[in-house]
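Both of the next two complexes hold chain A, though its partner changes from chain B to chain C.
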Partner chain A sequence: MGRRAAWHAALIAASVVLLGPVVLAVLASFKTPSSLFEANPLPVHPTLGNYTAAVARFPLGRLLVNTAVTSAGVMLAQLVVAVPAAYGVVRFSGRAGRLVLAAGSLSVVVPVQAYLVPQFLMVSELGWQNTFAGMIVPQLSGAGIALLLLHQHLRAIPPSLGEAAALDGASSLQTLWYVVLPLLRPTLVAVGILVFITTWNEYLWPLLSAPGLGTVQTGLALFGNTEGANPGPLLAAATLATLPVLAGYVVAARRVTNAFMHAGLH
Partner chain B sequence: MKRLLSVAVTACLLATVGACGNSDDSSDGPITLSFLSYNYGTPDVGGEGTQQLIDAFEKSHPDITIAPQGVPVADTLTRVRSRTAAGDPPDVAQIGWSKVAAAYRGLPLTPVQDIPTADEWRSATAGLSQPLLRAVEHEGKVAAMPYTLSTPTLFYNADLFRKAGLDPAKPPATIAEAQRAGLALVRIGASGVYFDIAGASKSDFLTQSVVAANGGSVATPDGRVTFDQPAAVEALTAVQQLTTSGAQPAVAEADAIAAFKAGKLGALVTSTALLAGLEEAANGHFELRTGGMPGFAGKPVRTTFSGAGLVVLAKDDAHKQAAWEFIKFLTSAEGYTIITSKIGYLPLRPDLVKDPRYLGPYFAKDPRIGPALDQLETVRPYTFFDGPQADRAVATLQDDAVAPIVLRGADPASTLAEVAAQVRSMTGR
Partner chain C sequence: MRDRLYLVPFGAAMLIWVYGPLVATVVISFLTWDLSSGPQEFAGAANYRALLGDADFGTAAGQTVLYAAGLLVTSIVLPLYLAVALWRRPGRAAFVYRCLLFVPMVLAPVATAISWQFVLNPLVGILGFRNWLGDPSTALATIVVITSGKLIALNTLLLSAALTSVDGDTVEAARIDGASEGRITRRIVVPQVGRTLVLLGMLTVVYAGQWSFTNIAVLTQGGPSHSTDNVYYRLYTYGFQYFDLGGASAGSVLVVCALAIPLAVGAVVRRG
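After this line comes the complex of A and B, so read on.
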């Protein structure tokens, strides 16, 4: 029991260390400018002034919409590519399947900076700068991680289910659509959320490919340009920008954790 | 497979041709000028002031439309370089002065002075600060037009000075006096004085100014590293003693600025550009006053400047001419009236200060930018390191030498020697 209590105490301490700065930042976003740097972390005279300033002086709504459209687009595009690829690798395993898996692994290992320049030149040549296509399509190169995760989960589905469907006259695509995808739904949600969060937090690619459109991450960086510290509205804007993705994560937290826990156990 | 490949190649070729077609702007008729600015779009007075400048220019030049784009200050060069690599550079870009050397070296810019005729250049720049114009020259001409510039200023809380028994009419003129004032302020529970010298991105001009005030330099005009010489070591030792004596809090620049805004820090030596923001915070809470940068006893104060220049990357003559019209407006009497009164940067046309049509009424009401303006008379060139890694060298000096010395008690002589060796290996000088 003592050991269990010690373990819980350690976990609580780790949680405080991880979440403490976030909680302090959110609390500080309700402080007045004069009390912002007081030792007391609680907003003694709470104000929404920072939120009013952030919304009035900052195009938060437009940036949130841009980021949401991009993140949803990348999420859907990666799933549309990764699901049939993973299914193909499991269903028709062989040299081609191993090659696809190796390519997926390689795309995860190679740092994004390595192909940033060619991607940027391609987007420029296609005239896709400052378009959603330019933001979304090149990020398909990140579908490798989705492929690997889905592959692990697809391998756990008994082949007999597919064979039964085939005996009933279903084609491969029909088997995928009517038999495999419903079983894969929790994993699809988890992988989708992971891709969504990663894309939401992306900074370098939107900065290069679509600074005119702007996303919340590139927008928040503009607070660093202000002449003098402007921490109150920045904390308020950062809190508002985090809320949508936090809400998505809270809804799907268990599925995301399960997806990672089970990936690699089969 | 072959068919798929040929479709892909054709699509790429068509896209390329399409892109080429788009870049061929007509020289007649309305022109759209792309303007990359790190002030545009910010949620503060800088963003509002820049929009006001653009609106005023478009109103007076209906044939030219400005297409502005905000960019995070730290990523300005990355953005300009990537757009240039893609064949679509911005026509005009606002580049921070610490990065201008890299722009001279790596970007296909047209020196601003080369665009107008010699007569037009003389007439357009006649009212600009001539010491400043000479200080920003590169290879004998103004390649980047001085735009939003500032010099180091002493901001102080006159109410805290009175409480501490200090005379608010006599702000500290030397670093030693600043130390005495700081200790008096600490005795009444305030946070003393703060030299904003150790910041990563915006403080290098203060390092240069403090070292220059002691007769030293960070680098020679040809880029040779000199910040490990005795004058520089002595200058940074003096600023370090502010901290070790307790007169200066050992905090990051953002915390010091916020503490000053909250009325807890007695004095702050930083960029003039912060004036508007500090005024806003002080209004109704405490009396904000200004002074020149404290120097060293018996030595003339020599400051350099911070801020940004405007570079022209337009590809055709029509856009270059439009870019010149835009730059001429931004640095005109009307332009600097907006820049100074709205954003807080220095009016680089000193005559505007007393002109009732321009900044006369503003200065009559608020003369607090005066001490910084006076420093323009003796302004020194901003010093660049040499080579393609000059930008990284500045960050190394600030992060690995100035911050550890000033805030964390590192030994000035050995730290500067060690970092100077690193920077020499980076720059080759």
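After this line comes the complex of A and C, so read on.
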């Protein structure tokens, strides 16, 4: 009994420390301005006043749409390049495949700051500043992690399945489409969600490439600079900005954590 | 031959958006290039000399090491403890905790930073009995703590994944032989995830600077008096506030060279 209680206590403590400030901020977003900094974390007279103020002064709807379009775009773009590559590496193991896999792995540990300036210059040269193309396409640089995760899972699919399909006269493309992709679907969903969340939370690249369009993250940071004495509406806006991803995670928590659990990044 | 076509889109994406720009960074680091006034000319090693003579860059470099060291402590030791705790008692509760501990990973970093700002608000915040972010002696440590949430989440999950491969029979045999749980953990479980720990160390060193970036940008802008600056934030300042692209690129080259050292050491340790 004692050990069991200690186990729960340790894990609950860790969860509280990690999530405490966020929970306090969410609770505070329902408080009235005068009670905002009271020691009692619970809103005694709950109000939606901060939310109406946030929606009135913060272009949340527009920013949510921008962020959703960008995140979906990056997710699709990364999967479109990473899925065939992972398939090619596994099915036709050759020097080219190994080179592509190595290039993808190495890109994961290169800090973005190392290629930020040229990416920025390329985007302005292409006239892509403040466009979705400018926000989405350069983020293909993050496709390495998608390739690694997909490759780990594809390796686990028995090659005999592909060989059987080939004997039946299927081309490699047909095998990919009709045999491999359906088997890979849970992984595709998990990797897709992961890329979506990562892009949703990206701050630096949208700030540089499309300050005029803006995303939830850059908008929040800007809103934070202009709000002074009463942080209530800011906390409400932060809560609203986090809600969609959090909801997505709650729905797909098992898949997202499993994608990592079985990724075998070790 | 045609089968290599599968590799082309990904390979092209990497060339165009990662490796091409990396080479361009090296080239630009030898140019004088002011974003606002244009024409670039060859500058030799002038950008590098300017950087190495810049006390602020030196401060930022030293503090980047402090960030990495701080994050290594919070996000290797604690996740190892949490992952072992979860591994020891699998089941529904462990699953719930694992999902809960992963939440910081999906929370918007700007929103998290704003939450901390609220809690740490000097005088009126719940932890505001001290001016954590306004005092140069505590500001960096505070940013480390705020940033570690994300790393703890990721590392706990990756360690949990590694622990699934620990051989249950060996553990059972040790238990029958009367080994204590603590001894089993130290002698059997932890050594099995050694490779993963090295990988996490490498990832932590790489991401320490990047993931602290948003917190620095939102909470302190490198201050007070440069005490929370690191090279990533400094390079951003050079490039996109002073518009000195040559200087920012030279700094990037130095950072990549410096990062290559711990990564190479890690790779050798993992292989050996």
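By definition in this document, the second predicted complex is superposed on the first by the 256 of 266 C-alpha atoms of A that agree within 3 Å, B and C clash if a C-alpha of one lies under 4 Å from a C-alpha of the other, contacts with A are read in each partner's own complex, and residues count from 1 in each chain.
In this text, contacts are C-beta pairs under 8 Å (C-beta built on N, C-alpha and C of every residue); 3 or more make two chains touch, one makes a residue touch a chain.
Every value quoted in this text rests on a predicted model; they were computed, and no experiment measured them.
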Superposition on chain A - do chain B and chain C clash or fit: clash
Partner chain(s) touched by A:Val100 [first = chain B, second = chain C, both, neither]: second
Which superposed partner A:Gln129 touches (first chain B, second chain C, both, neither): first
Touching partner for A:Gln174 - first (chain B), second (chain C), both, neither: neither
Contacts of A:Ala14 with chain B and chain C, given as first, second, both or neither: second
Partner chain(s) touched by A:Pro233 [first = chain B, second = chain C, both, neither]: first
First (chain B), second (chain C), both or neither touched by A:Pro33: first
Which superposed partner A:Thr52 touches (first chain B, second chain C, both, neither): neither
First, second, both or neither for A:Gly224, with chain B first and chain C second: both
Chain touching more of chain A, residue-wise (chain B, chain C): C
First (chain B), second (chain C), both or neither touched by A:Gly212: first
Part of chain B, among the options 55-63, 73-81 or 361-369, whose backbone runs into chain C after overlay: 73-81
Common interface positions of chain A, toward chain B and toward chain C: 37, 117, 120-121, 208, 221, 224, 231
Touch list for chain B against partner chain A, complex: 12, 15-16, 18-19, 22, 38-39, 41-47, 69-75, 78-79, 82, 85-88, 253-255, 257-259, 261-264, 271, 273-274, 276-278, 281, 285, 343-344
Chain A residues touching chain C - in the complex, by the definition given at the top: 4, 7-8, 10-11, 14-15, 18-22, 24-26, 28, 37, 39, 41, 80-82, 84-85, 87-89, 91-92, 94, 96-97, 100, 103-104, 107, 109-122, 137-138, 140-141, 143-144, 147, 172, 197, 200-201, 203-204, 208, 216-217, 220-221, 224, 231, 234-235, 238-239, 241-242, 245-246, 248-249, 253-254, 256-257, 260-266
Footprint of chain B on chain A - complex, ascending: 33-37, 53-54, 57-58, 117, 120-121, 124-127, 129, 207-208, 211-212, 218, 221-231, 233, 237
Residues of chain C that touch chain A when the two form their complex: 3-7, 9-14, 16-22, 24-25, 28, 78, 81-82, 85-86, 88-89, 93, 95, 97-112, 114-119, 121, 124-126, 149, 152-153, 157-158, 160-162, 164-165, 193, 195-196, 199, 202-203, 206, 209-210, 213-214, 217-218, 232, 235-236, 239-240, 245, 248-249, 252-253, 255-256, 259, 263
